[in-house]
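Letters A, B, C and D mark the chains in the order given here, with residues in each chain numbered from 1 onward.
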Amino acid sequence: MDIRMAGVTKVFDQDIVALEDVHLSVDSGEFLYLVGTTGSGKTTLLRILSREYIATRGQVTVGDRNLRKIGRSELPFYRREVGVVFQDFKLLSDLSALENVSFALEAMGLPPRIVQNRANEVIDQVGLWRRRFLKPPQLSGGEQQRVAIARAMASSPSVFLADEPTGNLDIRTSEEIMKLLLSINAAGTTVLVATHDRNMVDAYRQRLVELHNGRIRRDERRGRYLLDDEL
Amino acid sequence: MTSFRYALRDTFRLLFRHWGLSLLTLVTAASVLYILGFTGLFSLNLRQMISRVEGGLVVQVFMKKGQNADPVVALVKTMPTVTSAAAVSPEQALEKLRAKLGNQARAVTLLGENPLPWSVEVQVGRAEQIAPLVRDLIAVPEVEEVLYSGKLVERLTTISRAATTASGTILVLAAIISTLVIFNTIRIAIYSRREEIEVMLLVGATRTYISLPFVIQGTLLGAGGALLAIAGIWGTYASIMNAVRTSLPFLDIIVDRRTLLQFFLLLFATGATLGWVCSWLAVSRFISRASRAK
Amino acid sequence: MTSFRYALRDTFRLLFRHWGLSLLTLVTAASVLYILGFTGLFSLNLRQMISRVEGGLVVQVFMKKGQNADPVVALVKTMPTVTSAAAVSPEQALEKLRAKLGNQARAVTLLGENPLPWSVEVQVGRAEQIAPLVRDLIAVPEVEEVLYSGKLVERLTTISRAATTASGTILVLAAIISTLVIFNTIRIAIYSRREEIEVMLLVGATRTYISLPFVIQGTLLGAGGALLAIAGIWGTYASIMNAVRTSLPFLDIIVDRRTLLQFFLLLFATGATLGWVCSWLAVSRFISRASRAK
Amino acid sequence: MDIRMAGVTKVFDQDIVALEDVHLSVDSGEFLYLVGTTGSGKTTLLRILSREYIATRGQVTVGDRNLRKIGRSELPFYRREVGVVFQDFKLLSDLSALENVSFALEAMGLPPRIVQNRANEVIDQVGLWRRRFLKPPQLSGGEQQRVAIARAMASSPSVFLADEPTGNLDIRTSEEIMKLLLSINAAGTTVLVATHDRNMVDAYRQRLVELHNGRIRRDERRGRYLLDDEL
């Protein structure tokens, strides 16, 4: 699905402007890095796309849906088409890694056998087969992050939003995850990745959007991760 | 269908993963329903005792000298409020007087001819039905005098009314309090799972999918609490029945198994319904709050 | 000292940041204490009424023909259990008999000479004191006969014992249930803050520092709940007193302000103590569990 | 304070061996990077040092304390001497950034004025002055991470344990945090930093210990971050 943001501004209480007049257009099947210093608005942008937040001003459409007009009963169905890797994982701590994945699939009403197969498959893909029965508090940070990735990709969403998917991973594992994201993208899914990971951004060049104080500062087809003094 | 199976499994997950919490909720529900049930039984018994006392009230109708009791007995048979009517001959009346006087009975033996008239003893079911009955009886020409313990009837009427109001009020109060406590407990228990609810919403679970396990859980806890409460009440009440039977046999407490069974079924239904409605309300509010976009 | 100031501030943070939770706990505590308080007042009233009835029991002592009542009056004055004793002359006795007979009074007017003896009406405070009294009175040579409603005394004795046991049991039950519900509610409320407790432990807070705000909070909620409960009970009880005064004036319910005040103070102390002990137990258990190294 | 670990092994349920026969000696005032692939045992090692976990076998002493023998009542006082930046932050979500710092100081029984001054000071040092009244859910991932750092350093601990302190930070901010850590270290504090951040490790060379499957594989005085195939 394609994403269109036009003049999107997000203002929080106390006049904190997290996003300001953002125009962004992502075609169906594109891969996009979202970079920017901490607090520049990456997570806020992704949250607007997952309809956790509603833009204070501006238009957001994903596929043929106007996010401002999604009703209470339609929201779950929208969310099933959008896979999200949350920056803080948001795993259920009393479910095992495998159950964390399968319960998300179950919530979509899929029959048990399909759920089991798919959950096993993605847990294996993120390299957690041997850890699948452990619960999040028993997993290392990187392992938790991979459970979060597995859960987000399990439902084969049309849009994949990943907030720092390699923030807790070593370089080798990061590379594997990046390859996974690229393969998801290759299957036609639109992928947005918010990241600070310079190594990855430079190793796998893709469209790169840089946020600065809530505004888009750069939008390049095969951008490199640049520091302020390198601009 | 599948999602109902998931819901059932999740219910047991909720119940057993957080078994401490479940146990606390269960015990709280049981305690509260115990109180509610006991209050209910108490009201039932109160009403029964009062109606027994009321049923024991007697109106004495004295006929004019030389008249027998037939006209009054005939009239009284047509009245729906009258539960029994017995004619008393002058001889029977004298016997009774003697018995009643006890040690002063010698006074009676000093009488020559039996001076007492025919009379009828009439009983009704409820104290407040006495006043109209008396009015009708006095209108009968053959009747000399109608005697009843006016003050007692008055008292009983007010006591009966007061007891009805009181037991009703107590029951309503107990019901309100039970609902409050159970609702609060379930809400607090759900409050401690708010993260779970938020995460489920974020991955696209529907409201029904999220709430079903909580609602089933609430219903089970309510029903389970009710069962515990019933067991407790049965235990206490059985020992009360025993104690009453041996040491206060004149107290008319309810021992009829059919009545008690119905009562317990009602309590069970109340517990399950309370658990159901309360958890549904609580979880709905949470879902609404958590799914509000900022 | 400083840490107590912090504790106070944190208490209010706990209370108001999670005000929904606090409110739920408060209402639950109030509800439960309302029930407890009401049960208490009910027991108090029950005992008072029974002791009034018992105090109204009369033992009639009939003297031998020609004897006056003085020896019995003299004897009875020395007995500590006797609350009142009144001599009744034969003339008074005849008057009473006439009144008692009602419409059969004509029987008495037919008597010639007054056949009734001197008698004494003796009252004691408690039904169970009657049997020994009677034994002593019968031993007096001038006494012809001692009359008392044996069955009634027996009944009253058992009723009085049963009521004492029952009201005690009910109170204990209510107290246990209150404790359970309040403890559970506080535990569930603390359960939802387990992360907070864990974090505090991790940054090096002492057990006291962590538990103090929870304990103060629990005490405040218990005390606050008790105040609400007292207000509620006062409201209900005042309207009951009113209703009783106007329509059941013969019912001896407690209206003495001093007694009620003492009772309410006790209830307040109970609420505060319950809140205190329960939150202390609950938070201690949590801290112990959270601080166990794996 | 110095740290001595001798033959430390940590086995979890289901026979998961997170650390195996670790011998590590860190002198008072040293700075040490802890690296290793995800799941290699870094967090477990730090948790043993903060006495969240107890070693299954082996001896651990910090300063003059044997960690196995710390009693219930002594633990809080030990923890005050050890500042920890947790991988998942562990902030209280209903306290503001500033309060999250000050409450930790208050818990140590410091008087209010000192607490206020110190909290303001460290919040400023991590660059959150303008965000100090926001609560964690209102902060970006990187901002939360800096609150966690501020809280750990506020009490001027003798040992500073940081688990991925730059996992959610961009390169510029990471550098500032690294400088902060180095300045803490310069003041005499022993600092252990578990990290995946190759750029930082290579930019600020320090002693480097690499864990691999729970065992120490490398321990170099001024080590570089190497991938398996670079070894």
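To be clear about the criterion, a contact is a pair of C-beta atoms (placed from the backbone, for glycine too) under 8 Å apart; a residue touches a chain by one contact, two chains touch by 3 or more.
Computed from a predicted model, the values in this text were never measured in an experiment.
What chains, if any, are shared contacts of chain A and chain C?
B, D
Could you find the chain whose CA centre sits the greatest distance from that of chain A?
C
With chain centres taken as the means of their Cα atoms, state the distance from chain B to chain C in Å.
From the centre of chain B to the centre of chain C is 23 Å.
Between chain A and chain D, what's the gap in Å when you average each chain's C-alpha atoms?
28
Can you check how far apart chain A and chain B are, centre to centre, with Cα atoms defining each centre and the answer in Å?
The computed centroid separation for chain A versus chain B comes out at 61 Å.
In whole angstrom, what separates the CA-based centres of chain B and chain D?
Whole-Å distance between the two chain centres: 66.
So which bits of chain D are touching at least two other chains?
Answer for chain D, listing residues that touch two or more other chains: there are none.
For chain B, which residues are shared contacts with two or more other chains?
Not one residue of chain B touches more than one other chain, so the list is empty.
By the document's touch definition, which label belongs to this structure's chain graph: line, ring, star, complete, or other?
Topology of touching chains reads as a ring, each chain with two neighbours.
Could you please write down every pair of chains that are in touch?
A-B, A-D, B-C, C-D
For the complex, give me every residue of chain D touching chain A.
Going by the criterion above, the answer is residues 12, 14, 16, 35-39, 42-43, 87-88, 131, 133-134, 138-143, 146, 163-164, 167-174, 196, 198-199, 225, 227-228.
Under the definition above, what is the set of chain A residues touching chain B in their complex?
It comes out as residues 50-54, 72-73, 75-80, 84, 86, 90-92, 94, 103-104, 106-112, 151, 155.
List the residues on chain C that touch chain D in their complex, please.
2-3, 5-6, 10, 13, 17-18, 195-196, 198-207, 209, 291, 293-294
Would you pull the chain B residues touching chain C in the complex into a rising list?
Within the complex, chain B touches chain C at residues 20-21, 24-25, 27-28, 31-32, 34-35, 62, 97, 101-104, 106-108, 110-112, 115-116, 145, 147, 155, 158-159, 161-162, 166, 173-174, 177, 180-181, 184-185, 187-189, 191-192, 194, 236, 240, 243-244, 247-248, 250.
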